[in-house]
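Input: structures, listed below.
Both complexes shown next keep subunit A, but they swap its partner, so subunit B is in the first and subunit C is in the second.
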Partner chain A sequence: MLNLLFQSNTITIFEFSPVQILQFKRNLTFKRQNMVEDFDISPHNPPLKAIAGLIHDVKRGKLEGSYNITVKTLDILKKIISVCDWKSAEELMKLIRTQGKILASALPQEVVTANITRRIIKLIREEYDLLQAKVHQITDDSQASLHKLVTQTSDNDISRDYSKPQEGLREALLDHLQEIETEMETCSENVSAQAEEHIHTSEVILTLGHSRSVENFLKRAVKKRENLTIIIAECAPACRGHHLAANLATGSAEIVVIPDSTIFAMMSRVNKVIIGTHSVLANGGLRAACGAYTVALAAKHYSVPVIVLAPMYKLSPVHMCNVEQDAFNLVECAEGVIPYNSLAAKFAKVYSPIFDYVPPELVTLFISNMGGHAPSYVYRLLSELYHPEDYEL
Partner chain B sequence: MPDASVKKDFSVQQYFAQQMEEDKSMSSGIAAIKTLLMVLERTKFDTVHILHSTIQEAVKEMRNTDLSQAAIVSGTELFMRFITLAKFDDKPMEECKQIMLHRGKIFLEKLLQSRSTIAHQALQFVTDGCRILTHSRSRVVLQALIDAHTKSNKQFQVFVTHGGPDNAGDQMVAELEKVGIDAILILDSAVGYVMESVDLVMVGAEGVVESGGIINRIGSFTMALCAREMKKPFYVLAESFKFTRLYPLNQRDLPVEYKYIKRQRDNFKAHPMVDYTPPAYITLLFTDLGILTPSAVSDELIKLYL
Partner chain C sequence: MSTPRRINKSTTGIYLFWFGSDILWERVGSWQLSSVKSLAKLLVEITMSKPAEKGSTDKKTDLSENKLSREEVKAQREAKKAAKLAKKKGKDDTNSGEAVPKDNKSQSKDANKAVGDAKAPAPAKSNKGPAKEPSSPGKADAKKPTNANEKNKQTNQKVDRAPQKQPTKPAQQKQSAKPNNGNETSKPEPAKTEIIPATPRTKQKKYKAKLFNHLNGDTKAHKLFINNTAVHPSIIRVGEQYLNRSVTGSNARCIAFLYAIRTIIQDYVTPPNQEFSRGLEANIKNYVDYLQNFRPLAVSIINAYKYIKYILTQLPTNSTDSKLKENLCELIDAYIRDQIDKAAEAISSTVQEKICNGDVILTFGCSSLINHILEEAHRRNVDFRVIIVDCGPFLEGQELLRRLISKGISCTCVLINAIGFIMPEVTKVLLGAHALLANGYVMARTGTAQIALVARSFNVPALVCCETHKFSERVQTDAIVFNELGNPEDIVKESNIKEKRLANWQSFQKLYPLNLIYDITPPELVSAVVTEVAILPCTSVPVILRIRPTEILY
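Coming up: the complex of A and B.
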């Protein structure tokens, strides 16, 4: 049903002008009415054009990389807050939640969109509570805890009412969104600033494929430390490790590119493994590029510490229930493994999955823009980042 | 004398036993809290001190039974904490009592809801066609499996250990089969044998200790060891009132009254009834406070008792 929705929507590249905004606001209400008549049951709200545009861009490969996708999503959600017509926090949360849900179900691989949506909903809750607290005294902390279980009374148990209109909410929200935007802008810098703490002179570092955070991190390390050896597993079939090697080659470090099959053989001489990740799961496990599990297991075998660079927006409150779970993995075009016109392609099936699940036991340390964290600490970060009711969008 | 103030027609032990008898699906921890609320209601007290000693007396009586000690201890401790935190210094005692009773009811209601919250959380981990191993009978595991089958219409297979010495596994299998779940009874000693063919292990717990490890019916640790060796996830389903302030480092550290039934406590040849599973063997804990990693348990306890 959702898919149908996308097809029926004319997809345009997202550009806001006030007239357009008015137009698609009108469209939105019009469509909503239409939908009610068409389906009778309460339908999904249609995606805003901006959201549809984003989905389109990601699917076409125009917009790549979780950082860019997060920034873009944030941008759209900000515009929703600033220009859309909403009267109360509840209405706004519903609007954002619906759009976030559409994004998440259209792009199940890009969990960052859901993460930033959760973050903004939490922001709305907080700002609303803050503004309300100026009027009435209400106790904070909505997290379920043993302490709350014991101390609660019936009066502070009723769930908060977000339906009242609140003056100044829009301004306060936009103000705080600015903070998130700044955090996004500086997060890569904040992560790589910690390079010197972890990488020392004459160390041998192993990494896998090409992650932008790892590139910046290593560039910084190369600048500050001498005699580094950086071993890069190429990560076939896309071989993005070659790009990383090219980008790092300008420095003074020795760059070694190895095929993925030699990861184990090389591991015995490595001092540290530094990898990026696609996202961090609720238990501290990773959903990372295929090959990451191989690297982590080899590192475990030789007791080499595994450091994972994961900016806060990659932390996701999702559990991995089952490796075969929907939307956990993707299979890539297999042309890179065996060309279609080769003889083997006629007889053999070829698969090229994109992701690996790495269990938390194999990770030594996460480095985010807020500092270093152990995998067992991820649950705490999550409870600070998102509201528990928003874990399921 | 504190117990003189308890009305003569009310016997703690009797009421406690009656609670357990009336609702077979109730945990002994909940029954203990219910009993204490009743004590609170029936007792006349002029000072908090008397209240405390009355409750302490009642706890002692309840612990004098052969039911799962860990849950009684953690449940009653939580209740004591509840009394301590609910005290009011500026109100007359009678008013305090009313407020406490009122809050106690809410508290109990919350606790009673916890099992279905846990069942809901475990739901996404039970997938169609999966095979689950569980140990003996646990009420919360039972409800989680039944919910997954009846509410979400999932098809799966459950291996249940016999659960000696009282063989509660028989009852578990019967209860699972009653709702149409494919359940298979296995010997306690067959855990290693079936482990390779299951997808995940789900057990309940009598108590969850500060390290995030669990105290549960004897054999759970064996199961956890096997699961770790064969790389199967080991999930624990436990209500938060089972969190207890205990930090055992090995099996010997477990209190004697947890391990042995009353008449065997002096007998060094007796069989222990429970064992301790260290947190390293537990993948996740499903509680009414959310899905927790073992390290999150101590955080919760610190928040409550600090």
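Coming up: the complex of A and C.
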């Protein structure tokens, strides 16, 4: 079931001549047009307008943050279920799968879209099974267990027949989607509610950059505990850590903003590292903001626990295939590293990657809206969240 | 907590007069219960002065003047003593605290009326009046009104200003007195110029994270930019270069220092009845102390200074001054030549053996030694490329990048948080150092430890290049005990940030941008240290330190 999604080489190198930048921009627009045309070629599965709009918004930077993207995707998929014309569960699954695939291939970095698609397909399966069970009085064995995972080959090969039309499926699905929506809404709250369980008085906490869940978590901690010191690495070149610092500075905690170079020097005084992540990989590793690897490594050096805040929708059944990270990273505009107009920029290669891979052995604990989990337990959470057949969309 | 409260008490009198009761209420809010008694006393006083508000301040001052005219000049002289006593005493302080500003008023009535209008620049000018007078309380008083007059400033800043008020007074006198030695008559002049530019900066709230209270940033240094005739101009120039960071890097700083000392030696005139070497040593010691105010001395400078002290003690007593000067200058030149230039060449030639075709060398920041090594390797036509890791706030890597690019070496540049991204392709890491400590730890620009850490995790060898003149006797196990703090503004004002959310970080109560200059790399992260003597493990530093006295003669 290993799904090597990151095989497509998405790396782009920015070199610094204005002409090349122009060319790159042109390429980008060209690609986008191409992409839309590509979908037109296959007449059976065109991307819905809403999906195309979502892709466009994300690429343009209008829609940012994995939470917002997830909510939007969920919204669109819900509309597909309620509005689109489908007869059987199989038809619906195919429809959603196609749209999910389009999203995933257009936005390879935003794995949350694929995750939510998987989640909904699993939901369709479950609801269908449940309704079928009601009709035919079959004992419900849809719940996955470790035993079943091990013995999967023998008895689970008989895939169910989803092609029969089923009364009341649409209503049941919409009901259940409501549950997922409320889960999304409360998930940040649920994560931050656990702050007291992990943070004690006069603790020194280090974090990196700016993550929405980390901000809420720390705000809660500042409210509940006294004398906290929060050290924030600024995360150059965008320096989003400054935003976090400004947002937290109104509380009673002491805020220390450090440049990324001071992480190691400060780590000796830190009690806990709390970071957010972009997504969690199937092995429990992280795809987190650039610099997270250094933070985790320094924490390991000083035996400081690393706590990662990862709501369930960030868990993705994807393995990293390439140790050298090339295949799963993105490089952004390097103006922040060296100004374009400097002489050196003409000759030097400059990279400004966005993500860092953090191996699971450097992570101590995940905190999701469901509670705390060890990195070694992620596989189990995945098998509960998604159906094994949907790991590959 | 105890210090601000104490000062609050002593200065509440001033606040009473200068600010409305609302401000006082804020202050009251920040107080602790223990000072309730003094609070009650204050409230009584407020109710006395309350109905008049701003306009009444002038009347008040008149009243106080009347009082003072009775007490006459005696009070002025005693005012200073009273201010000192204010620290010791508790409640009585409020009275003595009042007495101090009253004295000012009597000295310059007009100035204080301008003060009543609450214009910040006005008092600064008005200070010149009393400052020109040679009377000794004049100077001390001159500062008081500037503090009190700043109605425009936020009250928060006031609270933090208050503790500085009394300590700074003697401190500033000391600062100007220490380097002066001669105590010229023109002293008030520089003092005046000192105060005017300095006030806006010192007024700023200086919040420092708890962990770093023991480290002093470059707070007092800017007060030293004066035409201080007692200090040799070459030292002032070097100090300014250190301060505005036009001379950085321990080698460059050491060379600048030695050149300055050389000019001092050349310009030195032995006073009558004094021995040449003794007088010169005392002189140089004063200058070095003065230089320390600009930036803490680098280890290389400390070692060079030790060397100078040593050669001064070794001078023959029977020769003429001019000959001795010549002798000294030669020795200093020899030090620069042997300890810095030749050592760099020796290290470079050693490292050359380690750089071979196809190498990808990663380096951090801007080290003159690494620059030398890489240029030498390029001259030898080795096919290698360089990855320069850069980091804010100084972005020194750009300087190294510029130098290497101009030599035609192919370079890649990344920021320090991308180190995990770039490390897989690296074959060797070359790092410069600020100093090597006796326990084998490497003191270098912040970030070096991180590079070594990540290099170790990718199994890439990390070589530290360091001349032996940077070896230090000190031992240290973390970067916080002893370090240098840079200007916090540098972090906030990095050029590439789009939204400068922290531009006015002083307005936040407990926020501190930390600009730590050095960090400490533990020896287990460093593969080897390359010195001019040999390639050694970090832990062999004490061996070098032990053999050095016999070999290099100091």
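Observations on the structure shown:
Definition applied: the second predicted complex is superposed on the first by the 323 of 393 C-alpha atoms of A that agree within 3 Å, B and C clash if a C-alpha of one lies under 4 Å from a C-alpha of the other, contacts with A are read in each partner's own complex, and residues count from 1 in each chain.
Everything below uses one rule, namely that a residue touches a chain if its C-beta (ideal position, glycine included) is under 8 Å from a C-beta of that chain, and two chains touch if they have at least 3 such contacts.
Note that this is a predicted model, so its numbers are computed, not measured.
Of the two partner chains placed around the shared chain by superposition, subunit C is the only one that A:Y351 touches, whereas subunit B remains out of contact. For subunit A, the partner that touches more of its residues is C, with subunit B and subunit C as the two candidates. In the superposed pair of complexes, A:H319 makes contact with subunit B only, with no contact to subunit C. With both structures placed on the common chain, the touch criterion links A:H200 to neither subunit B nor subunit C.
Of the two partner chains, neither subunit B nor subunit C is touched by A:H176. When the shared chain is aligned, no partner comes close enough to touch A:R212: not subunit B, not subunit C. Contacts of A:K94 after superposition on the shared chain: neither subunit B nor subunit C is touched.
Within subunit A, the residues touched by subunit B in the first complex and by subunit C in the second are 324-325. On the side of subunit C, the complex with subunit A involves touching residues 209-211, 390-393, 398, 401-402, 405, 410-422, 424-425, 445-447, 449-450, 453-454, 457, 478-480, 491-492, 494-502, 505, 508-516, 519-520. The part of subunit A that touches subunit B in the complex is made up of residues 144-147, 149-154, 157, 282-284, 319, 321-322, 324-325, 376-377, 379-380, 388.
For subunit B in complex with subunit A, the touching residues are 78, 81-82, 85-86, 102-103, 106-107, 110-111, 124-125, 127, 130, 199, 240, 243, 283-284, 288-293, 295-296, 299-301, 303-304. The touching residues of subunit A, when paired with subunit C in their complex, are 229, 233-239, 242-243, 245-246, 249-250, 252-266, 268-269, 290-291, 293-294, 297-298, 301, 323-325, 329, 335-339, 342-344, 347-353, 356-357.
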